[in-house]
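Shared between the two complexes below is chain A, which pairs with chain B and chain C, respectively.
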Partner chain A sequence: MPIQAIPMTLTQTLVMGLLQIVVVLIAVFIMVPLLTFAERKVIGYIQVRLGATRLAGGHVGITGPMNRIMWSMGKVPMLSIVRGLPIFIADALKLITKEDIIPAKADRGVFTLAPIISVMAAFGVFAAVAYYPGVMFYLPKGFPIVGGLPFQGFITDVNVGLLFILGLASVGVYGIVLGAWASNSKYPLLGGLRSAAQIVSYEVPLTLSLLVPVLLAGSLNFKEMSILLATGKGLHPLAIIPLFIGFFVYLTCGFAETNRVPFDLPEAETELVAGFHTEYSGMKFGFFYLAEYANMIVVSALATAFFLGGHYLLPFGLQRFIPETVPFLGQPSFIFFLGKVCFILFVFLWVRATLPRYRYDQLMDVAWKYLLPLTLVNLFIAALIRFAF
Partner chain B sequence: MSFLRTLIPFDIAGGMKLTGRYFGKVFFSANRKKVRTEIKHFTQEYPEVAVRLQPRFRGRLTLLKDEQGEIKCVCCLACEKICPTQVITIEKGKKEGRKMPFPVRYDFEMERCIFCEFCVESCGFDSIILNHQFELAGYNREDFSLGMEGMAQNMFEPSPVGRHSVAED
Partner chain C sequence: MEHQLETIGRNMFAIFGVMALCGAAFMVASKSAVHSVLGFLFAMLCVAGCFLSLDAEFLGMAQILVYAGGIVVLFLFVVMLVELSKFKEKGVFQLQTRSAVIAVIVGGVAFLAAFRNLLFGTASPEALVLRPELAQGLAVAQQNAQAVSRGLFSDFLLPFEILSVILLVALVGAVVLAKTERV
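What follows is the complex of A and B.
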């Protein structure tokens, strides 16, 4: 589905870019609180509880009407899962209105800078992620300046998109390390150092596992790669083997990169109070929180685009068995992309509720002794398939 | 073989299967009424839904009656003697057409009761139980002095604040 360049003036390009950035930002800002709500619910269900079901105050007071509405929704079997949903607004309000404390001996400048770096690295990555490799819809004619122009499913079309994403994602660790150091406290410093060691270690198998799709697709462009890997055009049927192994390795490293359970040593509550963000409060802590969840979304989006067939129905290049003439299932759709991203986010929560945390030496063992050789072998298989057949 | 076991995380898969099964169970039965399936979760949505108590739950002391509506107690005073906090006071009496003694007064001061169930165990006639009422708050000390019918506080009636508890034995 090649897209021909659309003639646009400079103003139109800028306004269009701004529009897309705003849409993506709003989407992420909606998805992150929803994800925290889903986390409470999913972990609750797995632990045979109900999770969040109501706001404070019961059936009286300010939140009374809201609770009564949610209560009546609870009678409907499927709707009962969204009971407690307004809690995510309450959570966000709490973070925003909380007092912002900076410790007396902290390095004020770096202390403030650290969450900003984290958030910028997490959100900047979205610039190169393609949610839909083409025109999603056309803006209405009456729209000021950019009326009638196509709205594309990506912000920029970087030809080294994957490199950009990996580079920016590893900047995120600076936020953690700097914040930990600037707090001038023991526990955050330990958390930050652990985080640095962990992310540097897991960056290696992560990048190597992402090299498999790069090798098979022969491109670094996010859009081209996701189309090619999904439709399987020019891919040998055997390519499913390295893609399959690569998917699991990538997901494991993705857990480590985003500091999620079972690799959440930087914020190990039992040993380090709260890890690198012990001294943070208010919206500064909120930024770290936001960055972690945005990173989860990015990892899911990458796994979806490169391994699970992106905006097509079937993963691992199996889409070639459905001819493009089939009405809905054969066509690319944003819904498939969203569904797969949500599924991987669900797997994040599922794993969190299942697995205990690794010990520190086990963590390093997993990265260097198991994942690294596995990815190298996997890369070798991919290279064989690419060049021998 | 052990190499394969190292490579493929069977244990993780087993754990995920277990938690996934529980997720599915609760997900499809999370609605509050018993609509399609039995309720599988352990959360009690207390003020709105009646609490699911264990059968052995020890609530407020109550005298039992037999089929004719007669009080089963025969005033052997075993419960009064065994009560560690001495909160039961029984006054023996006679009643027309009844061979056994009959309690004219059976006072139970709940404020000091420790809900140990010794009285129920010691009763050889199975004439008292601790029922399933647990909402026993009161505004005055007098609210905790329970007695037979005719007293201000009656131990046969549900507790005044007990709107939601299940008052059956």
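What follows is the complex of A and C.
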């Protein structure tokens, strides 16, 4: 899909960028609460219980009569998924209206700065992510200033987009470490130190595993990489091997980078109360929460674009076996991208409901003794396939 | 639009430069070690911004990745481990203030004298290239990631490898020093 280079004035470029940023932000702000809701439900069903059902499931209110009938028939109301849904609004309201406490001995400036850094790093990454490498639709002619211009599936087309993403993601660790230090309290400090060591360690195999798609695609541009890796044009058929291994290594490191179970040692409740955000409350805590879930979405988007075939149907460059003439299945579509992102987000929840937490020494062993050699070997295989065959 | 962008880029460079200097000043002047690290981080990010405004996006991102993502995190790690609050109450510039000021003034004057022409003179029409016969290859590269990698991995491979060996020597030396201290 060639992108028409329509000349735009500076104002138009800026307005268009702003528009895209707003759209992406709104999408993230919708996805994050839905994700928290999905987390309750998925974990609930995996652990053979219903999860959040009660909020709209009372005997009063709009759905009250229906619920009363269902209960009187001796049945659990069948719309339990929908009935738990308002809980995410309650969650958000709770976070916003809660009292914002700053401990007396805390370093006020840094204490406030920490969640800001976390959120900025997590959201800034979206600037270089391409959801759909091309024009998604054209704005209607009547739109002020930017009418008739193409709305592209990415905010910016950075030459070194992958480096931008990795760089900003690595800045995100400051939020956790500084927040932990500024709390001036034992448990957060321990959580922060663990987190710094963990994230710095796992960044090494993470970056190395992302080098495999970079090497195979021969580019650092997010858009170019996702197109080439998805269509599989110019890729050797054997390239599926390093991509397959790389995907699992990347996903493992992604779990560690986002502090999710089984790598959630920075906030291990049993040992550290709540880890680095023990002293945080209200929306400051909400920002950490938001950053964590936004990071999950970013990890999923990257895994989708680089390993799972992005906006095409089949992963690992297998798309080349479906000719482009096939309607829908052979065509690129944003729906495929969204579906794969949702699937990986589901895997996040699935793993959380299934696996226990690692011990700290095991965590470090996994990174340095297993993942790092594995990624190096994988990189070697990728280089061999790219240049020897 | 091109012209506007050029002007914006030049102004951004100045803004980022001033911001980097402010970050560095904050780093020197602040009493808490963690605040110093924060100032350093800010300065490093602004230097990355300077690179970006000069169209050197690869260098800018490498700056963020290496300094902000790696080195400063380790600084912060060490500072958090080592309790420095004992030294908080003392003055900031308590050590050799006078000689430090003199050294800075002498250094600044010497720098200005040496680079007077470079700073205030007219710019040379062509970029200075270390080995002119290789400039052709760099000009062919379309992106500066390609240009940098070409410079590092083909034209100047041997110096690059020697540099990495020197870094390895420093690493081994650090390990040896730390070991002997512990025993």
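Here, the second predicted complex is superposed on the first by the 365 of 389 C-alpha atoms of A that agree within 3 Å, B and C clash if a C-alpha of one lies under 4 Å from a C-alpha of the other, contacts with A are read in each partner's own complex, and residues count from 1 in each chain.
In this text, a contact is a pair of C-beta atoms (placed from the backbone, for glycine too) under 8 Å apart; a residue touches a chain by one contact, two chains touch by 3 or more.
Worth saying up front: this structure is predicted, and the values here are computed from it rather than measured.
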item: Which superposed partner A:T156 touches (first chain B, second chain C, both, neither); value: neither
item: Chain B versus chain C as contact partner of A:A353, first or second or both or neither; value: first
item: Partner chain(s) touched by A:S281 [first = chain B, second = chain C, both, neither]; value: neither
item: Contacts of A:L220 with chain B and chain C, given as first, second, both or neither; value: second
item: Touching partner for A:S185 - first (chain B), second (chain C), both, neither; value: neither
item: Contacts of A:V48 with chain B and chain C, given as first, second, both or neither; value: first
item: Touched partner set for A:Q331, first chain B, second chain C, both or neither; value: neither
item: Residues of chain B defined as touching chain A within the complex; value: 6-7, 12, 15-16, 18-20, 22-23, 25-28, 30-33, 35-36, 40-43, 45, 47-48
item: Footprint of chain A on chain C - complex, ascending; value: 1, 4-5, 32, 34-35, 38, 41, 45, 48, 57-58, 61-62, 64-65, 68-70, 73-74, 76-77, 80-81, 143-145
item: Parts of chain A lying in touch with chain C, wherever the complex brings them together; value: 7-10, 13, 107, 110, 113, 158-160, 163-164, 166-168, 170-171, 173-174, 177-178, 181, 189, 192-193, 196-197, 200, 203, 220
item: Of all residues in chain A, those that touch chain B in their complex; value: 42, 44-50, 53, 58-59, 71, 74-77, 80-81, 350-351, 353-355, 370, 374
